[in-house]
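Before anything else, here is the set of structures, which you'll find just below.
In what follows, chain A forms one complex with chain B and a second complex with chain C.
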Partner chain A sequence: MPKTRKWTEFFSKNGSVAVILLLVIFSSLFVNHFFALNNFALILKQAAIPSIACIGMTLVLMTGGIDLSLGYMIGLSSISVGLLVKTYGVSIPLSMLITLVLGALVGLFNGFCVQKIKVPAFITTLGTGFILLGVAQIISNGASINHLPEAFLAIGKTKIGLLNTTVFISLGFCLVFYYVLHLSTFGRSLSAFGLSEPASRLSGCPTARINITVYVISSVLASVAGILLSMDVNCAQPTMGGGDYTFQVITAAVLGGVSLYGGIGSVPGAVFGVISLKVINNCINLLNVPYYWGSAVLGIIILLAIIFQNAKGRK
Partner chain B sequence: MNNTILEMNHISKYIYDAYGKPIHGTDVKILNDVHFDVREQEVHILIGENGAGKSTLMKILGGIIPHDEGSIALFGKEVRFTNPRQSQTMGIGFIHQELDLCLNLDVAQNLFLGKETGKLFSDRRGMYEASREMLSRLGFDIDPATPVRLLSTAHQQMVEIVKAVSCDCKIIIMDEPTASLTQGEIDHLFEIIRNLKKQGVSTVYISHRFEELKEIGDRLTVLRDGGYVGTIDMSEFDHDKVVNMMVGRTLSHMYTCRHTPSAEEVLRVEGLKIAPETEPISIAVHRGEVVGIGGLVGAGRTELAKSIYGVRSSYGGKIYYQGKLVEKRNPQRWIDQGLMYLTEDRKLEGLVLPMSIEGNITLASLRRLFPNARLKSKVEREISTSMIKKLRIVCRGPKQRAATLSGGNQQKVVLGKWLSAKPKLLILDEPTRGVDVGAKAEIYEIIDGLAADGVAIMMISSELPELINMSDRIYVMRRGAVSAEMTDPDTFTQERVLAYTL
Partner chain C sequence: MNRKYGNAKNLLLLGLIAAIVLVSGLMIPRFLSLENILNVIRQTAIVSLVSYGSAMVIIIRGIDLSVGGLIAFCAMISGIMMKSGLPMGLAMLAGVVCGALMGLFSGVMVEKLEVPAFITTLVMGQVATGLSLVLGGGNSLGGFSDAYVFIGNGSFLGIPISIYITLFFVILSYLIMNRTRLGTHIYALGGNEQVVRNQGISTAKIRYFVFAYSGVCAAVAGILLSAQMNTVHPQQGGTYQLDAVAACVIGGVNMAGGEGKVYLALAGALTLGFLRNALNLIGLHPYYQNLIVGVLLILIVGMSMYRRNKALEKSLIF
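== the complex of A and B ==
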């Protein structure tokens, strides 16, 4: 008996794993061409970059906040790194560094508004998001930058075996943030802060610092995602990412079991959430679902998955 | 006259876990086989220590929470309430300790909340007319157009009573109605209760104040640790007998005193004001000393503690800690230096309820235990198990969620959190509130033990016996300032402390 109990406990804690397993099993049985090494590699590649963004979002959601500027930060960092490496001819490492610093500053601004001025996160990041979109379009005149330098592209597009370097970079971020969230005192304090702000503050957790840090992390990870996406599509666009991307990332985070009320969430959950989303997408493509149907079907599946998870949680 | 109109038999209630599932198997019942009945036209007093289950029982009667076992018969009919509305329509009015009026609405609007008259637009004139009549019938002199937020607590309570009576209630539950009333207001309340009695309304009256019980009550039921002890007629009321029923043992065993205060000053507060217009406060706490802070609710005791702890703004004044002037105050700095604050509101500010016992216990000492920021589960396990043993926390293990523990055990977890952070001065704000008697004695023992180890204790308490028996020195607070310092434990009496609070 104790063995089965361990399993049920594992699944109730990691609902996203159950969802993903079900999805993969069903897809393998019923969808042609799904069960193939190449297809799995494709799904992993598609999941790599959103996973990085989703980790940041998960951290913010865990404080009970939200980062709606995430998608627009991707656009701004894409055009920023593109302009720097191509138009201004700045060296690749320095361009990337400047872009990441830009992300950190945006995050700092978000965090400052939320923590110090007490503007609700929803409003703060919504506003910041539009500012970022505006800035991205102003500095680029609304135009994309194509044909980025080969050396820049190589960072993300080189293949190691079946997989892109992007997948490994993403894996690296996952490991680092797994440590941060689950094995460090910062992660513990973050979780306590999300579950009970007053209790954690009175217990000496650096709540203000945590609340600002998560926004910085979220924006920096969005910058990373923006840079990697530009490599992936060989194009820097001010409209890359955007609101749609933000909501996909939030969806993935929720699929991954993060609580919108704060406190509960995990890095594996975030990653599995993204993969689930990509598996669903993949199946919709393989099944030749008409394009206009695609997003409706996606929505239904997501709702079902979340209802399923909630029902499990409530038992 | 003596028809029984309400009978509650064999009522039991389990503590629920976060998913609303009763925790069977662990013996945590908050009510266990309780009997309670109310007769026509009587004032039935319900009494018991904090955590005895009075409120839970009344919440079941009020339809706020369901019971798990047992039966309720109202006017001879078997009932089972699933929401407060049902119980209200069946004639049960509930006046909560925390009044639940809409502060932004006026008296009449509150009285007619949810049952406004008129069709498309509410019939305002009619409502005010009716409200005025309802108020005057019970002898209240309140203008129905007054916004409720402008009324005093006593007046708000009157509105609550009118509201309850207006629903044609046959039984009105009053949960500690006199807790924040003045003597004059209490007298008035009693008059109202007698008045209601004449009109055929019974009252269930929850209170701790012995003096008033004899004056108002017809019968008295005692609960203890979630169990039913007995019901007596008020004619047989005897102070010692009732105390015995409530506590189940002689009170002298409750307190231990092994510590002796030293002369070394740990904390000195000079001229601190908790609000711009209050008198400045100056107090001192010594090593190994238990300093009691007495006073009524709202006298500024929690505000003082929070001001010292740096989580609330204060005005002027200096704070010296271990002889040094403290410039900047916040929890993190204080904890590093050994000053800690156990809050009055355990569920909101004391514990992270959904977190494990272990997580809560180490929460305040994360930086001390893990200086390089890496959590070590072995260290956490060791600390939490040793605390569980030391404080005798009844639980299934360190991974059990704090939310699923009983009040006393939750409080012990909070204590464990502070003990593992190695305090030099511990401010305890109502350390035994909502804690059962057994755990209470244990908490007293822990506090005494801490003082014996040289920890300075500042204990805010509304329970006079505990204040008098635990403290080496008592500061009494009134209207935001210290009204008296009592230094000789041999002369502490409830009456003397009370005299300074009023």
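== the complex of A and C ==
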């Protein structure tokens, strides 16, 4: 096979890589202050936490479901870790563990409703999302918790070279889930489940277990993101994350090439999707475009991505 | 058996409304005053208007998550046109047409690209919210003409105008669903798409109509809301998203498609309205309200799905 064909094949499979390359080249040429080491480090730092959440969303979208409660889970885990660490004085590892278990329980509930009771995923997670928001606001009385302990912040904010530890933690999660999704039996069964549920069930995949596990993973990763986000801004807020965050994560996942019809998706794709979004955000900031353009641009990007993905799939 | 079950469900709904009204009436002194009841119905007008369209979309096995965005976007369009000096009627019509076009676009995405409805409408909602922020420059718009505010807050023969509007739309929706061929096709599409196709009926036309109608309902609701508040806020869609779906679900519209009555969505919206009002009058913080609505939503859909699964299991041969 000639070399050029290989390249085109690579790009048609990994559209997000092409998108990032184009974005970076254009931004470097036309946006002042974009092409700087510090700016790249900033983009990576901003992309680190959403990447973790986006991996979870990618897994859920691969089953043909959706997790609309993800953003609200971030808020709940943020406030719960804040309350435990600051107000109740629980030790840091224990409070983080409790928060992760909380996430797992929420995910288990979502998965149970979707798989066992067959409530559509968007209804289940829309409902749990509002429940989580309510719980987060009730336990915190709507107030945020500032000035978290130094030792807690150190986990995410220690600098190694230009980058925070958060980036490396995120990288760790990416590697683990790269293994889970692309190299393990679970990943293969998940893909099969997403492509055709009955076929994978008849060929002996534990479909129920896969479907529930995916929601648990999504919520746990959302809690991780919530904890890291609280470290990042040194503040635990019940309204952190929220619907907008969920939407950003879905956009990133779609940009990263996850199929909305289920079955196809990748961890590098998810990460590249998040990075593309952050590059666009970065350009919007550097070009002094008013903030409120952000959500319109985001919406139009995902719309184009869906249409493009579909046009590609139809060939 | 199905019919009997349907009636039992309607009775359950009526019982639920009666229970909420009675219990709250006994416990809260001001609850049963005519003023409060009219007020609740007036506030409910927004949610109920949205829920007629949402109910139709759910009946064809979709869901419309874009209504929150459309409520803001269409009101913003008509608000801006009014501010720039266009006559009120024309500006409102423009807002409604925008809603119809946005809905139509969702319909095309679902029909032609076969993108799942929840993704399409989620994205359209985001685009609409974003556009309304851009159009308003990130600010809200206020200070409309007296005639506009009258539509929102005035009354005719002692009954608020909002109630006439919502009644008009419930009758219109009822006529479409029960008295026209299109309505029959809508139910059929929700019941079994393959059969509809095999009959040579265009599924595209049905889908386009239903999504566009939902857009129109959301637009009317948004314009009415801004008339009631005398402001357009670029994010005024807020919780109407959840409430519209919850109203349909409480009204017994089946998430699995093919069954449900639009006028029962009105009953569902009223139930929600009285519930929220009672919780407000008790002095419960709004934090609890969304939580309770969320629980109700999952509980009711869960129960109906559970029952459906049981029935399906019985009918399965292998």
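As a working rule, the second predicted complex is superposed on the first by the 292 of 315 C-alpha atoms of A that agree within 3 Å, B and C clash if a C-alpha of one lies under 4 Å from a C-alpha of the other, contacts with A are read in each partner's own complex, and residues count from 1 in each chain.
Please note the rule applied: contacts are C-beta pairs under 8 Å (C-beta built on N, C-alpha and C of every residue); 3 or more make two chains touch, one makes a residue touch a chain.
In this text, all values refer to a predicted model and were calculated from it rather than measured experimentally.
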Item checked: chain A residues touched - chain C or chain B, whichever exceeds -> C
Next item on the list: Mind working out whether A:199 is in touch with chain B, chain C, both or neither, as first, second, both or neither?
Entry: first
Note to self: According to the stated criteria, A:90 is in contact with first (chain B), second (chain C), both, or neither; which is it?
What the structure shows: neither
Item checked: Which superposed partner A:260 touches (first chain B, second chain C, both, neither) -> second
Next item on the list: Identify the partner contact of A:113: answer first if only chain B is touched, second if only chain C is, both if each is, neither if none is.
Entry: second
Check: Of the partners chain B and chain C, which touch A:185 in the superposed model: first, second, both, neither?
Finding: first
Check: Looking at the overlay, does A:135 come into contact with chain B only (first), chain C only (second), both, or neither?
Finding: second
Check: Is A:291 in contact with chain B, with chain C, with both, or with neither (first, second, both, neither)?
Finding: second
Check: Counting only touches as set out at the top, which of chain B and chain C does A:42 meet: first, second, both, neither?
Finding: neither
Check: Can you pull the chain A residues that chain B and chain C both touch?
Finding: none
Next item on the list: Please give the residue numbers of chain A that touch chain C in the complex, ascending.
Entry: 64, 66, 113, 117-120, 122-124, 126-131, 133-135, 137-138, 142, 247, 250, 260-261, 290-300, 302-303, 306-307, 310
Next item on the list: Could you pull out which chain B residues touch chain A in their complex?
Entry: 19-20, 309, 311, 331-332, 334-336, 341, 343, 348-355, 359, 362-364, 366-367, 370, 373-375, 417, 421
Item checked: Residue ranges of chain C in contact with chain A within the complex -> 63, 65, 109, 113-116, 118-120, 122-124, 126-131, 133-134, 137-138, 234, 241-242, 245, 249, 255, 285, 287-295, 297-298, 301-302, 305-306, 308-309
Notebook entry, point to check: Can you name the residues of chain A that touch chain B in the complex?
Noted result: 183-189, 191-192, 195-196, 198-206, 263-264, 313-315
